[in-house]
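Paired with chain B in one complex and with chain C in the other, chain A is shared by the two complexes that follow.
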Partner chain A sequence: MALETLLLRFRGPVSFLIIVLVWQIVASLQLVPEKYFPGIPAIASSFWTMLLSGELLTGDGLTLMRALIGLAGSVVIGVSLAILSDVSPVFRAGFQPIAALVQPIPPAALVPMAVFMLGLGAKLYAFIIILVTVWPPYLNGVAALAATGDVPMKTGRMLGLSDRDILFRIKLPAAMPEIFSGIRYAATISLIAVVVSEMLAGHDGLGFMLIRKAFATKIPDVYALMFVCALNGALINWLVNRARWQMTGWHIRMTERTP
Partner chain B sequence: MDRLLDARELAKAYGSGAKALRILDGISFSVSKGEFVSIVGPSGCGKTTLLMALAGLMKPDSGSILFQGTPLNGPSPGISVVFQDYSRSLFPWKTNLDNILFGMIRNPSMSRADKRRRGLELMDAVGLKGFDAHYPWQLSGGMQQRVAIARGLAAESELLLLDEPLAAVDAQTRADMQDLLLELAARFNQTCILVTHDVDEAVYMADRVVVLTRRPTRVDHEIPVDLGTRRDQITTREDPRFLEIRHDVMAAIRRFRAEVPLAEKA
Partner chain C sequence: MKSLRSRFDVNGLVLPVILLLIWQVLAWRANTPLFPGPLQVAQSIAKLYPAILGELGHTLLRAAVSFVVAAVIFIPLGILLGRLRLLGALLEPAIDMLATLPPPAVVPIVMLFAGTGDGAKIVIIAYAAAVPLLMNTYEASRTIHPAANQVARVLNLTRLEAMWHIDLPASLPMIATGIRLAVSSALLVSVTSEMLLATNGIGVLIQRQQENFQIAGGLAAITFISLAGLIINSLVFEFEKRWLFWHYQGAGASGRGQTS
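Let's look at the complex of A and B:
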């Protein structure tokens, strides 16, 4: 029992250790030549070298910064569009087919267009990240705002609230938990979009490092960077979760109470 | 007594033409200041539609509602509603106290500190002292409805509309809540209209019972409940006069039920 709670408490690090362990077992079995599938010690030493030289922190810092700024932009734009869709059925009807068309485009397919239009730089990242990550907060927001029940709305109207107050003081807070599940999803996509864009059109960042090391066949480096991608995911998830607790802690506690 | 509310020939139908479903068919009654009026009727008779009209949340097709002598067009600060569905009517992201303070939103003249003081007083009055920092979903159903009642009182509206407020709580809690509501109504001299399908509750709580017909609904008749101001769950319910009034109301409602074709009853 105590072990179970301990494992649950530290499930993040524990699963990381399990992955590392399985990796090492596969490497030791020599199913793939060691040159192409190095063991954990080789990868760890690559990681350590890149960390000490500073190139890892510089590259990953850029990647994380791009992902976070892009995510923040997506949330603001996505939620604004959701509010606009809620206020104006005409906008909603017109925007939905556009969303349905743009949403399935993979980030990699957007890169050439972004390069032609915006060149290589911050604008390119912003464009790609926002275009691929804006959808989860938007779609969840639209659905959740539309799902506000009759009783909360009547309560608001009974209290004399204007449409605007009902939107911002009742519908939006009620929709927040669902918007946040969209943001969590968007956070992961935003990391993918940044790394892909850096690989295809970047001159710095984690994705650029990955592709350069791959062409130079610095294989332990490539794997070390891959692990860093995974850690980035954990980090951004943690950040989003903190914000989620901050803003919708009531909902998390409410739903945990009734399993 | 001062007239507070006058409903005149209220009519409402859903749909139009031959398919129109007539819900309210010329309802008239009035309520005086300080009165506790119960409205009962057979199931599906449009009680809630009537209450929504009285709250200004639904516009009747014809007829008028005079509130304090002026026509009611939409929600008024003078009228508050306690809804049956307290779990949806309270906002889960607000603490109990903040939910109650939200009821004072149309009272901008009161300072934040005064509102808070009054909110805590009301929590005390409904028996929830010490639960101000809790959230509604941390409380039982009966306690949640107490929060909703406190919010209804917080607005200091002249008229409190109670839309089957106790329909969703268990029988024992229900009796306690009836007494609590009566005590609060007396203490704050609060005029109340209670809509309920429970005849015993309607008679026990009210100074006057308005009995509705089945759909399309009119007022069948009204009965004053001359049982004094102090009610008791045991002795009032055994009072011959209570039983007489209950008999009258029950008989009327059963008569309307009997008139409904069996197919529609199911």
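Let's look at the complex of A and C:
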């Protein structure tokens, strides 16, 4: 039992170690040519050289920056659209079919078209990321704003709040937890969208590095970059979770009591 | 059918029509083939639709095969991990990390092992679909009500029987959410993978149109992708409502959110 609790307490590192071990065993068995499936030391050393030369930090910094700025933009736009939908039925009725149509479009399909309309710069990234990540916050926001309970609304009315006050002081805070679960989903897709656009139309950033290293068959570098991609995801998740705690800590404390 | 009628009321037409008009006016003012308006896109649709439908068929077929592969492997795996608590808890951070690795980042590696053919694309798409399936199934079977487990013990079910008769049905609503996410991400990634590993499919068609500066043609293809996605998503939702009616009866329509 003691071993079990010890394992569970450090399950993050343990999990990481299991992956590393399995990886190394598969690599040493030479089931796949070592050229395509290098061992952990090779990957770690190419990670280290890329880190020291600074290309990793600049590339990853660019990618993360794009993802975060795009995410922030799409959260602002998505929540504003949700509020607008809540206020105006005409807007909601018109915007819903548009959302349903634009949502299933893959970011990759948009890149080639957008290159001509927007060029290869920051505008392209902003357009792609926002168009892809705006939906989860918007959809969750609309659903949550519409589902605000009757009691808080009537309480607000009784206290003489205006429509605007009810919206911003009752409905929006009540919708926050659900909006945040949309933001968490959007954070993951924003990274995907950035990497895809960098792969298809970029000249810097993580996605571009991945493609370039793959075509130069620097395989350990590619694996190291993939590891960085996963780290990015963890980082952006952590950031969103921090923000979520700040803004909706009351809700989390309320629900986490029932594990 | 009632929902279809109410969705097409007059209010719903105001905003799309205004947006289309603005787009058309902007396109007329720009007056270049690089910024086509809705009219040019409609013309391209009329001209290109046989080719687009054919390529879309390739894409959808590949997405479907990959989705089935992912479902067959990862739903049982998720239930298994949810059942074997220690293993599940130990591997949970690993799954979380895998979930944050964007599918396109896998493309260069898969390219090495499987080339650029159908196999490679199926692996990539299946990976993309696997993440929501695995996470939702694992989460669902881990949080099954303890009473259900006690029933299994009372009935003297073996581990395997318990997984099949109790864990699977009890996790179905959450698995269904995972399936919905997996289907849409399979669609997204199948187009992406075609553009990176070009052979055939609608992604290639879009790229070819771009290379010939036929932006309107590319937009026409995108229109078809979005329609296909819309139809498939609503079909999945219909099936879900039909098969999981017992869940929706109890919980209302609240099962429609994202993953937790």
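By our rule, the second predicted complex is superposed on the first by the 244 of 259 C-alpha atoms of A that agree within 3 Å, B and C clash if a C-alpha of one lies under 4 Å from a C-alpha of the other, contacts with A are read in each partner's own complex, and residues count from 1 in each chain.
Rule of thumb we're sticking to: contacts are C-beta pairs under 8 Å (C-beta built on N, C-alpha and C of every residue); 3 or more make two chains touch, one makes a residue touch a chain.
Only a predicted model underlies this, so the values are computations on that prediction, with no experimental measurement involved.
Colleague: Under the superposition described at the top, does placing chain B and chain C together on chain A give a clash or a fit?
Modeller: Chain B/chain C on chain A - fit side by side.
Colleague: Which touches a greater number of chain A residues, chain B or chain C?
Modeller: C
Colleague: Classify the contacts of A:Ile192 with the two partner chains as first (chain B alone), second (chain C alone), both, or neither.
Modeller: The second partner, chain C, only.
Colleague: In the combined three-chain superposition, what is the angle centred on chain A between chain B and chain C, taking C-alpha centres, to the nearest 10 degrees?
Modeller: 90
Colleague: Quick check on the superposed pair: does A:Leu159 touch chain B, chain C, both, or neither? Answer first, second, both or neither.
Modeller: Touch status of A:Leu159: first partner only.
Colleague: Which of the two partners, first being chain B and second being chain C, lies in contact with A:Pro173: first, second, both, or neither?
Modeller: first
Colleague: Should A:Lys218 be classified as contacting the first partner (chain B), the second (chain C), both, or neither?
Modeller: A:Lys218 contacts neither chain B nor chain C.
Colleague: One more residue to check, A:Val32. First (chain B), second (chain C), both or neither?
Modeller: Second partner only.
Colleague: With both complexes overlaid on chain A, does A:His251 touch chain B (first), chain C (second), both or neither?
Modeller: After superposing on A, A:His251 lies in contact with chain B but is clear of chain C.
Colleague: Report the closest approach of chain B and chain C over their C-alpha atoms in the superposed model, as a whole number of Å.
Modeller: Once the two complexes are overlaid, chain B and chain C approach no closer than 18 Å between C-alpha atoms.
Colleague: Within their complex, state which residues of chain A touch chain B.
Modeller: These residues of chain A touch chain B: 149, 151-152, 154-155, 157-161, 170, 173-174, 176, 248, 250-251, 253-254, 257.
Colleague: Mind listing the chain C positions that touch chain A in their complex?
Modeller: My answer: residues 7, 9, 11-16, 19, 34-35, 86, 89-94, 96-109, 111-113, 184, 187-189, 191-192, 195-196, 202-203, 206-207, 209-210, 213, 215, 218-219, 221-222, 225-230, 232-233, 256-260.
Colleague: Can you list the residues on chain B that touch chain A in the complex?
Modeller: So the residues of chain B touching chain A come out as 52, 55, 57, 75-77, 79-81, 83, 85, 88-89, 91-93, 102-103, 105-106, 135, 137-138, 155.
Colleague: Enumerate the contact residues on chain A facing chain C in the complex.
Modeller: Checking each residue of chain A against chain C gives 4, 7-8, 11-12, 14-16, 18-19, 32, 36, 89-91, 93-98, 100-113, 115-117, 136, 140, 143, 178, 181-182, 185, 188, 191-192, 195-196, 199-200, 207, 210-211, 213-214, 219, 222-223, 225-226, 229-230, 232-234, 236-237.
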